[in-house]
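Here the chain labels run A, B, C, D, E, F and G in written order, and each chain numbers its own residues starting at 1.
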Amino acid sequence: MSFLEIAVNISIIMIGLSLILIFIRLAIGPTIEDRIVALDLLAANAIGFVAVYAIQNKTTTFLDVGIIVALLAFLGTVAFAYYLERRTRK
Amino acid sequence: MNLIIVLPIIVPLLFAVIMLFFWKNIKAHKILNVIASICSLAVAIILISNVNTLGILALQVGSWQAPFGISIVADLLTSIMVLITSVIGLATAIYSLGSMDEQREKFFYYPLLQFLLMGINGAFLTGDIFNLYVWFEVMLISSFVLLALGGKREQLEGAIKYVTLNLLSSAIFLAAVGILYGIVGTLNMADVARKIPFVEEKELVTVVSFLFMVAFGIKAAVFPLFFWLPASYHTPPIAVSAIFAGLLTKVGVYALIRVFTLIFIQDTNFTHTVLLVIAGFTMLTGVLGAASQNDMRKILSFHIISQIGYMIMGLALFSPLAIAGAIFYIIHHIIVKTNLFLVSGVVDKMKGSFNLKKIGGLYRYYPLLGLLFLIPALSLAGIPPLSGFWAKFVVIKAGLEIDQALIVIVALVVGILTLFSMTKIWNEAFWKDDPKGNENKIIDSFSAIKLSKKVLMFSPIIILALITIIIGFNAEPFFNFANNAASQLLNPSEYISKVLGL
Amino acid sequence: MFSIILSTASRYLLPLMLIFSFFLFLRGHNEPGGGFVGGLVAAAAYALYLIANGIEEAKLLLRAEPIKLIALGLFFAIVSTFLSLMTGQDFMTGIWAKNEFPVIGKVGTPLLFDLGVYFLVLGIVLKIIFSLAEEDNK
Amino acid sequence: MLNLIIIGFFASAFAPLIYKRTKKYFGWIAASFPLYMFISFILKYNEIASGKIIKEAISWIPSLGINFSFLLDGLSLTFVLIITLIGTAVFLYAGSYMKNYEHTGRFYLYIGVFMTSMIGLVLSDNMITLFVFWELTSISSYLLIGFNHHKESSRKSALQALLVTGGGGLALMAGLILLAQVSGSFEISALYDIHDKIVSSKLYPAVVILILLGAFTKSAQFPFHFWLPNAMEAPTPVSAYLHSATMVKAGIYLIARFNHAIGGTVIWQDTILIAGTITMFIAALLAFNQTDLKKLLAYSTLSVLGTLTMLLGIGSNLAIKAFFIFLVAHSLYKGTLFLVAGIFDHKTGTRNVSMLGGLKKLLPVTMTAALLASFSMMGIIPLVGFIGKETVYSSILEVENFRFLLLALAVISNAFVVMVTILVGIKPFFGKLLPTLKPPQEAPVKMLIGPILLAVFGLLTGLFPNVFIQKLLDRSTISILAEELGITVKLWHGFNYVLLLSFVTLLLGIGLYYFRKQILQILENLSLSNYLKPSFWYERILNGTLSFASLQTKILQNGYLRYYIIFIIITTLGLTGYTLFKISGIGSLDITTDLTIYELIIGIIIIASTFLVITSVSRLKAIVAIGVVGFCIGIIFILYSAPDLALTTFAIETLTVILFVLVLYRLPKYLQFSNPGSKIRDAIIAASVGIFMTMIVLLVTAGEMQSELKKYFAEASLAEGKGRNIVNVILVDFRAIDTLGEITVLAVAAIGVYALLKLRLKEGDK
Amino acid sequence: MTFLLAILVGVLYSAGIYMILRRSLVKVIIGLIFLGYAANLLIFAIGRITKGIPAFIPADSEKLVEPFADPLPQALILTAIVIGFGVQAFAIVLFKRAYQTVGTDDLDEMKSTDELKEDKQ
Amino acid sequence: MKNQFLLNILLAIAWMLLTGELTVENFIEGLIIGYLILWISKSALGGTKYFKKIPKAIGFFFYFIKELIVANLKVAFDIVTPKDYMQPGIIAVPLDAETDMEITLLANLITLTPGSLSLDVSRDKKTLYVHSLYIEDADELRKIIKQGLERKLLEVLR
Amino acid sequence: MMEVISGIIILLGSFFILVSAIGLIRMPDLFTRMSATTKASTLGVGLVLLGTALFWQDIGISARAIIIVSFIFLTAPVAAHIIGRAAYFDKVPLWDKTKVDELKGRYDEKSHELKSKED
């Protein structure tokens, strides 16, 4: 196993661990904003994961997915914030 | 060139799209809708005559050899269904001109009708099981919108059940398609039929067949899956009810017939017996449901269920005569049930209600309407020599021929209860005096309607009634057609070879 | 929702997202993407713009009525199915231009079909979102 | 014959139109139509009398073996002549009687259709053609009984008659189909040669029962007798015509017609005999406490119908002879009496016998007809009724088993009939003139011709039976028994046992008449009436059915969406589960797995967030958690080589969130409605579905799948589809029509959303 | 791998069914969304999965050689997802309208179209 | 006009980057597509100024990267070590930046620098509210932001 | 050689990603969590993508990496801004050890308009 492969495997484990941690925050909240932040972060991590996974499998096709994720996660967050703001405006 | 086969799908789509371009011009919508319906009818007639002379037609969309692309196939059953669909489409188109409110017309009523017809025709014509799912969805979403269009409370409540249960059905259907692909590795129904006998796990195939049975059974509104129908069919405007009543459940029946004559014929002892049980309970629960109602449209809605039972019975008996009977039944029922709903719409326009307790006295002043109700009503009840009699007759004959006495008894009992329901409507709405007593006032609200609109409402009713009578008196060609269609279904080899080009 | 930051960002993100959406569409035949995802991304761009700047500005930006986009999309799809008939081939058979273009690769009726998908998806998402936003403003 | 029938229907169809223009003379015009029919058929008399059988056939639905085939023999000619003769009388009579009714045109339409159908029925040689006409008579009867449809009793009675005869009709249909199945043909005349084959078939008992069900309901045999008295709600011409002379005899005709082909067995004869005898007796008893003229006549008709059936049940040569004579006699005298009752009704305003009396001077012509008919009905010489009763008694005397029981029942029943006759046909004319609603006056000519014609016919037939009925009798009995009887009809057989019986009957009847009040008291004390009350059982069954219908509908169509769903799920699981557990491989599924850590993590997150969604008490939290699920599914798609799917999933996921957010704004608080019990129930159901699906996946993927498609796509995608992204090439080329449907769904959904949000009709709007 | 997917399919189906059996409209919608996920994953799993080799023909070659992921189930799922989205979008708005009109999202309050009018024959 | 043209060129370059084909044809294709998109986005973009000072921009870029990494390490250290060194709070920073573009960029850059987060800009565009993890002295922090990021950014932009 | 560099960078990126995740768990209130994490992950993802670009050494891949990174850099702060702002409206509690809150009272409750100074 080359250094790169080892690095990639370790990376995947680290990202996986962060996914779990983020998910825990998402689950426990306590505020809805916390959950949204967690979701946003989850998306960012997914991009990292995709990049590493692309190296592991030697295919580049997945990289484009990262762009979409970045783009759409942002939109989702904005939408949630939009909702929260409307909710709090009397 | 078999272009004609796809036209029943493309023509409604094309017209719907044109209407969307002129989305604010209702007048154009009305005209285009009628033209579209006439074109569809013409296409359907050409299609059926082609199929009749040339046999089963198949078109490989995009020139991709089956089973790699999607095949569009028209056998006799398909072309019959397409033809009736176009007849009902035209009838509804004309009736809508006379009865639909401007509000709904502004909100895409006519394009939605065409989309609905597109979906229905697609479901009939496709030779691909996944593509069937797609057309079902086109049909469903169009029907969802048509059902809820207007947004009245009862419409919304009805639509919730209709939508949820139909989505459940779609989910089951989709799962079934996926599993089927996982087993045989192909989606083309002819190809599936060819490969199914070689599947090692026969039980797995049976399991899938039941998933299809449930999925299509929900759409066909059989027992105990029919609940969405009585909950919703009486809520939209009558033209919508009418086209739903005539066509939608029949697409489910069609699909059941298709897969249970083409694909799942390995374990008929089990599957078709189950169908037979379902058929019996469907007939019974449907007719009892009708007997308990006092709303004209609800009675008619429950009768759809009950009548579906007869069609399923034909399929379940699985003899040439029985299948022919089922097909004949479908033809008859679509015409008659649509017509009854249309008549009920006129009743509502005259009396302001569908509730039998609140209306009456129609026969006194509108004998013609009485006649126009009696023809489809008695036909539905199976009174000879109207179309419904032959339908019932053939199915019962088929049942007796293969010693299925129990189901025949059920069919007969249901027959008499159907008669009861129809005479109940007749007694209450037509014979009984108007309980409100204020005949004249009510008459005025109908007479306020423009004559041209009245003509537009009555002409489809009259035409459909004539068709019922013609089928009744001249049943032979129709029965022959049904017979030939049935023999095509029971000998799938022609279908398979035509589709796969073997 | 008024935010200078979001509003400004959305103005610059819009063209970027649109170009990306078109990119996704064009090369969908060879790489991940296609008319559907392309249309969605384009719609997302407008949705973002809507949230940041309000429905009125969004409508001003779009100019076309979404229904027409839907109709246009379906129209392209239908046209693409019929072009083959003119060359005497069967319904919906793909017809391809001889020359290749950069990125796009070969141009043919399936691409036109996919373009129809693109417009339609853009149209329907906008129709839905605009309707909801207008409802929300009431 | 077919042309006559077609003419009949057309003429009927135009009746309302013609009536509008010729109201005054319409009775004459109308009567000319049955008369024309009568003449057309009487012209065939000699031919038939000479033993010829006229057949006519046009194919109708050849592939089902159904033809318009007609057969004119003695039996059918007798019936046709009765139908048209009485039809002539009734049509003419109605011209006057129906004058003050609304919609007389419709009346003629119905009755014309009825007559034509009735003719068609008795002429049909094809079982199904026969059945078609059979049902048409039921329908026209329904419309006629309910003619005064503003009255609830009329509507009810019409419905009752229709349901009973219609129900029997369906049984008949099944019987006929079975019979055709045994015999291989729907042609009745084709049955005669294969009597033994039919009788020995295992389906034979079913055939008999079903056909007799049809016959008994139509002819109001016990226990289906109750509809007939109620049918008296119809205008009197209808009662006279349908419910006495013709339609109710259709069932008897049917038995007679099929007797040759499927009769002669114990089950056939005994069933008929028993049903007929009971009907005869019970109807007579039930007549006793009636006061309404028409009801009285109706019960006596019932009794006669019973007698006729009984005679067919006896089935001896003499019985058939008696059957025939009695049939003719009854049609003539009962027709007359009904018309007379109608005259009373019309001219005095009442049908209550106790309010009629002393009319002889005022209605002399009516009285002549009434007396002639009454004497015939009482069996007094020299009327045809006398011959009828004589032959009935003599045929009973020939019976071997239960002879005296039958005899006693027949005598008692006939005595009751005599009593009824006195009440209806004699009493109103004699005694004190009782005050009536209208000043009584003689009926107009149009109303008198009918009853006089029929009464005189009864007299002539009695006097000259060999002229009028001998030949028809011969030919008819051949049709029924397939053999020549060789019995001549005579008025006078000398003084014998039978004559004595007739005399006893008459005396008994007169006695009953005089002591009827006392006897009524006794009968009431016995309180049989509840169970024998005509529609007691009918009501019970109908109401029972309706309550059951309501109950089952309330249970099934209960309005709770979740129960609907549970029904569907349990059905699905029930149907599939049974088969699934039969699969052999189920025990040996390979669940070893080579999971990587990140697959495991994704899986855990999906499951955990699913639980979050389910248990969440906050809507927004649920939506965020759904987002996670969707997101992780997207990642699964990446892991397993589906980038396009991942793209689409992410995009759709985001859009759904936006949608939710825009919608949520106005959505309700996330409420908890369900109780713990239903949660557990639902959890069990849900888990079963989950387990089922998991097993399916494992079972299916345990097998190999050979997909030619996959290979083909890999080769053709670039070469012919010009694209390297095979998924996309499938979407826009190989399976582009799927995509076409898919985008249509989207278009419609968008329109739907728009319309839902913008179009809000108010409850009042149509 | 398939085992994990099979479990996930089961979990998602269970969740979907459980949710559509709730009385609250919003939960029913969520249930429908879950059923959509479940069906997609089911097709995906049952069409046999392949790791890390998407169905793309490499730039330097004319056709794809095994092993590679079966593109057909993917195309089917894509179509199903899109259709599901359209239908769900409509359903969500429909449910919202129903809530607005009826005034609650309790399904037990939405039975009027099924109710049997109690008046006697 | 000039800015639009510049933006068009920029979009064309973005296109080449996206597609990964550095050819003349592709550049022209990018120009055409870019033009179309600009036309579509017409009302979104008013007249704005663009990237005139490329070298300064590059310098700023490296300054920013440095800040980013240093700050990141600081925060990372705080996170992974058990003890909290934080003194969080929200401060109001008066703005010299005027245009929407300037304010947005500044706010974003502040956010990107770990430990600080732009919460909002006042409606009159004069004050930026920033949440920071390390506020020993609010005024000191305000100064750092103004002298550091804001000044350097405005130098690039103006 | 390039592989090793790329590996190291990827490891570093993953490390930052993990740190940000830990921060998300550890930080005391929403604002501190956001402050700490959003950027940490931005850098983390950026590094991972840089490593990826180095690994492939392909213009197309590098371009994509650049696009993703710039997009994240462009959007992440905006996202943080609007969530933070929404949270403030939503009265998400600040950590009790928060030193100053100069935003307090500057928002108009009704219109959500933000003022420069206290009135």
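Remarks
In the analysis below, a contact is a pair of C-beta atoms (placed from the backbone, for glycine too) under 8 Å apart; a residue touches a chain by one contact, two chains touch by 3 or more.
All figures in this text were calculated on a predicted structure; none of them were measured in a lab.
Contact with both chain B and chain E is made by C, D. The minimum number of touch steps separating chain D from chain F is 2. Of the two chain pairs examined here, C-G and B-D, it is B-D that is joined by more C-beta pairs in contact.
Chain centre most remote from that of chain B: F (centre = mean of CA atoms).
One finds 36 Å separating the Cα centroids of chain B and chain C. Mean C-alpha position of chain F lies 13 Å from that of chain G. Note on chain placement: the centre of chain A and the centre of chain B lie 49 Å apart, centres being C-alpha means. Of all residues in chain C, those touching 2 or more other chains are 1-3, 5-6, 9, 12, 16, 20, 24, 30-33, 36-37, 41, 44, 47, 67, 70, 74, 81, 92, 94, 124, 128, 132, 136, listed in ascending order.
For chain F, residues that reach two or more other chains under the stated contact definition are 14, 18-19, 107-108, 118, 120-121, 123. Within chain G, the positions touching two or more other chains are listed as 20, 22, 34, 38, 42, 58, 60-61, 64, 67, 71, 74-76, 78, 81-82, 85, 112-113.
Across the assembly, chains come into contact as A-C, A-D, A-E, A-G, B-C, B-D, B-E, C-D, C-E, C-F, C-G, D-E, F-G. Across the complex, chain C meets chain B through its residues 65, 67-68, 70-71, 74-75, 78, 81, 84-85, 89-94.
Interface residues of chain C, counted against chain A in their complex, comprise 1, 6, 17, 20, 24, 31-33, 37, 41, 44, 47-48, 51-52, 136.
In the complex of the two chains, the chain D residues touching chain C come out as 643-644, 647-648, 651-652, 654-655, 658-659, 662-663, 665-666, 720-725, 728-729, 731-733, 736-737, 739-740, 743-744, 746-747, 749-751, 753-754, 757-758.
Put simply, chain D touches chain E in their complex at residues 546, 550, 553-554, 557-562, 565-566, 569, 591-595, 599-600, 603, 606-607, 610, 613-614, 619, 622, 626, 629-630, 633, 636-637, 639-645, 648-649, 652, 655-656, 659-660, 663, 666-668, 670-671, 673-674, 678, 682-683, 685-687, 689-698, 700-701, 705, 707, 709-710, 713-715, 717-719, 724-727, 730-731, 734-735, 738-739, 742, 745-746, 748-750, 752-753, 756-757. For chain G in complex with chain C, the residues that touch the partner chain are 67, 71, 74-75, 78, 81-82, 85, 112-113.
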